[in-house]
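Look at the two complexes coming up: chain A is in both, with chain B in one and chain C in the other.
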Partner chain A sequence: MNQDKLKILSEFFKKLWFNKSSRTGFILVLLVGLCALFAPFITDYQPNVQNLNQSLQPPGKEHLLGTDFFGRDLFTRIIYGARISLGISLFATFLSTILGVGIGIIAGYFGKIYDKIAMRIINLLLGFPKLPVFLIFAGLGGTSVKTLILFMSLFSWMELARISRAETMSVKTRPYIKSAIALGLRKRTIFLKYIIPNIIGPIIASATLLISSMILLEAALSFLGFGVQTPIASWGTILYQGKSELVNGWWISFFGGIVIVITVIGFNLLGDGLRIIFEPKSKS
Partner chain B sequence: MYKYFIKKLLYTISVFFAGISLIFIIIHLYPGNPNMLFLNPEAGVEIQQRITEKFGLNQPIVFQYFKWLYRIIIHWDFGHSFSTGKPVLELMGTSFLPSFVITVLATILALCIGIPAGVLSGKFRNSLLDRIITSIMLFFYSMPGFWIGIMLLWFFSIKTNLLPSSNLTSLFHHQMTFPEQIIDYIKHLILPVVTIALPFSSIFFKHVKSKLVDILNSDFILAAKSRGISENKILCVYALQNTLLPVITILGTTLPVLLSGVVLIEVIFSIPGMGRLMVNATMARDYPVVLASAILTFSFVILGNLVADLCYKFADPRIRMGQENESR
Partner chain C sequence: MSILNNEILKVENLEVIYPLNSGGNTHQQVIAVDDVSFCLKENETFGIIGQTGCGKTSIAMSILQFVQPSGGNIYFRNKNIRKYNSAELRVERRKIQPVFQDASGSLNPKMTIRNSLEDAIFADKSQKKVKIQKLLDYVGLKYSHLEYYPHELSGGENQRVCLARALAAEPELLILDEPVSALDISIQGRIISLLQKIKNSENINILLITHNLKILRFLADRIAVMEKGKFTEILTKDDFFNFKGGKYSQSLLKLHGYK
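Then we have the complex of A and B:
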């Protein structure tokens, strides 16, 4: 049994590695992830310690990507910011995946009125422009990282719900589900043991793609000043700061954005690659 | 067609009510007393009570909800701004036009970039050209839209001083002659419109390319080829027609994304439009303005969706009635 799982896993990585774009994506994501994880070992500077003698130094030997107005090393801030930005994005993706898959499976499995209600809600939420709605949240109670994550996940689960609904509907008609029902298994067991393992592929692919839109959303919200608040370094707050220093320090905005682009490209390529692996149909 | 239109309209109206009710519910479910959120915490108890009474916040929620709806629908009254005292509708009237113009222009530009890029890429699949275009479009798709705005702003306004960096008009706009005024507008619009259009064009690119590849591989194209119809004719007449029609629906469904982009771009380029009005109102906790502009934006989105659906239906009679819910 264990041997089988290992074999499947190694086959999976082989496929991932042999596709050029998913390999690129995997490497980019791994690179950014490792940088974030081992941030203190990569840089000697601290992300929030000010050094006004070194204010607005252009990229060079001492400061790889330059410094900001307060003399903080930009490279350090970017890799420490990766912890915050990736952390928020991953957590929000996790929450909306659970929400989306739950709603999708219920809608797909039970059908009828459940399905109708779920689809109505999904279509309604898809019509909401995210930023203006978030501004209502922010205008009501101010913002914190908690509100940010809550909002990001509450307004992003729809795509996952649609996918897991469609997959559940097709899996539901298979004989093994019918026999599981005939055996009188509990609904929870059927969902967790029979449906989810069989629809997990497309869900993982779509969740990977969702991470990249979460990163962009976090950056946009923090950029407007409503997400992560300033002394804390996140990619959005770095861009927020970069905008006010645009005349004297173009590198803050430039590198702050480039790192987002690299990460998002990574997740997009990886997600597309996963989608191809899990859906052999789209390969042709 | 007639029946379909009525059905669609009823559906849209119900979505509209569900939407604005949801906005209302979000506000009232939010922890804390709504009047406390917008008041100076140091204000006296008496003032707080007066304000609570003035805005009817001591009445039951259901009552408040219907009163709120009644005012909006019958009197078209969104209340007065907390910070300026002007009617909200008046504020929005002046800021709606710039946002609308930018949205429309950006959509047109995005179509002009995305569709030709998608067609070229799909036609010459796996060639060098395809790879270059696809990489550029992946870049556009993956970047934060506002970031490219900042970089364009830096290059064209700060570094080379070619284009103005903010607002919609120059300081001496009213002293200019008419043609000069037009040029002035155009100069101010270039950067914001390009900034929104670039990331947006990649969405069209993706759809057009995958659809075109699908169609070029389908049987009826093979049949046309075997009859000796020229490649160009096949592409322009048979393939493109089927590729471009779904773009109409994409236009409808991407409208929320577009409007979120407009908010950011208006903040970056200091354009006096809806987005900046909303952000400023949010910062000032000017709650009637935030609420009204959220409702207006939402209505704009569902109206856009309705129009897109109807256009699509009109353009492609194959879409069966009553199937629109499943297909979305």
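Then we have the complex of A and C:
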């Protein structure tokens, strides 16, 4: 059985590599992920240690991407910031996925009133503009990383719920679900062993796409001063600090923005590639 | 056939109506099953024959509680299964096991045959192992088949797995819904032999739904002929195949080359 799983995994990576967009996305995401993971081995500088003598140094040999107003190495702050930005985005995506898939499966499987309530909530939340709502959120809960993750999760699960609901509605009519019900299996077993494994493909693809939205949302909220607070390095706070140095330190906003763009493109390409792998029909 | 008076299943005035959204504001209905009554006695195989779309499967789905009938009652062992609460239903429905036409679609594509069979047996691991071995021998599968996924097996092998899984629940009633229709002729013969073996050696009652006269001739004791949602007649197998039924039964026989 382990060999079978290895075979499936190697087939999956072959498909991932064969598809141009998923290969590019995978390389970009892997590159950013490895930089974040091995940040202390890549750079000798500390992300938050100030050195005013080196203030606003342009990109060069000593500081690859230059320094900010406080003389902190921008490259170091970007790769350490990746830890915060990716960490928050991944965690918020994880929570959104759990919430969305849970609600989607319940709505799709039980239908009737459960479906109606879930769809009303989804449509209601989709109608809310995220940023003004977060202002209220921040007012109530303060501007902490916890509030940020909570907000990002609570307002991003709807698409995943819709996908899970639609997939569950399709899967629940298959004979193997009827056979499982006839065997008297518990609903938990049917959900975990019979439904989720058969709808997981499109969910993974959508969750990957959601990560890029989360990265942008985290950057936007931190840029506005509501998310991660200075001096902690995150991509949003780097952009925020670069804003006041657009003339004398253009590289701060430029490289801070470029890394967000690269990562978002990476996750989008990867998600799109995964979507094609899991749903071959959608290729056309 | 000495204990034919003992009823396992009794269906009374069953009615199944499906709503039909025909677009716009008009809501139409399709009467799939119209006032159907019959009973299935101990050690009996009861066949229902009729054309595709005449409502045979709707009867099976109602008995399995996958479709809520619009009217009538279904008694299993003298208990009205429509009145079970969800906890009772979960326990009681193990006694009625279905085997569908789409054998590979009846098995979870993400589970090996071993996992599918293990799920059907409520016992500890060592007991499960023994029981699976017995079931494999019984339905004529090899031990190595356990590590395969449904898409790696043939239609006939998948149908054997489905039968093994149904038997694993130790049912009292087996509902066979077109069990050989999706298989090629040579495999059909083997599955019919296996079903005969189950009928003869297990203490299982069978409700056989089919439009295949061959399987009906081999397995059924009594036959209900269904047309447009209604039972037109219920006959013994001999009466049916000796042209003692009505016009529709006779035309069915003629259509299939019986003289």
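One rule holds in what follows: the second predicted complex is superposed on the first by the 283 of 284 C-alpha atoms of A that agree within 3 Å, B and C clash if a C-alpha of one lies under 4 Å from a C-alpha of the other, contacts with A are read in each partner's own complex, and residues count from 1 in each chain.
Operating definition for what follows: a contact is a pair of C-beta atoms (placed from the backbone, for glycine too) under 8 Å apart; a residue touches a chain by one contact, two chains touch by 3 or more.
Remember, predicted model here, so these are calculated numbers, not experimental data.
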Quiz item: Since both structures carry chain A, what do chain B and chain C do when superposed there: clash or fit?
Solution: fit
Quiz item: If you stack the two complexes on chain A, which partner ends up touching A:Lys20: first (chain B), second (chain C), both, or neither?
Solution: neither
Exercise. Based on the superposed arrangement, let me know which partner A:Ser212 touches: chain B (first), chain C (second), both, or neither?
Key: first
Quiz item: Residues of chain A touched: more by chain B or chain C?
Solution: B
Self-check item: Which superposed partner A:Tyr194 touches (first chain B, second chain C, both, neither)
Solution: second
Practice problem: Tell me which partner A:Lys7 touches in the superposition: chain B (first), chain C (second), both or neither. | Solution: neither
Exercise. Would you check which partner chain A:Ala182 touches, where first means chain B only, second means chain C only, and both and neither mean what they say?
Key: second
Quiz item: Given Cα centres, how many degrees, to the nearest 10, is the angle at chain A formed with chain B and chain C?
Solution: 100
Quiz item: Least CA distance chain B-chain C after superposition, rounded to whole Å?
Solution: 7
Quiz item: In their complex, what parts of chain A are in touch with chain B?
Solution: 119-120, 123-124, 126-133, 135-141, 212, 216, 219-220, 223-226, 239, 242-243, 246-247, 250, 253-254, 256-257, 260-261, 264-265, 268-269
Quiz item: Mind pulling up the chain C residues that touch chain A in the complex?
Solution: 64, 66, 90-91, 93-94, 96-98, 100, 102, 105-112, 115, 119-120, 122, 147, 149, 162, 165, 169
Quiz item: Taking the complex as given, what residues does chain A use to touch chain C?
Solution: 1, 4, 174-176, 178-186, 189, 193-194, 197-198
Self-check item: chain A-touching residues of chain B, taken from the complex the two chains share
Solution: 15, 18-19, 22-23, 26-27, 30-32, 34, 37, 138-139, 141-144, 146-148, 150-151, 153-154, 158-159, 253, 255-257, 259-260, 263-264, 267-268, 275, 278-279, 281-283, 285-287, 290-291, 293-294, 297-298, 301-302, 305, 325, 328
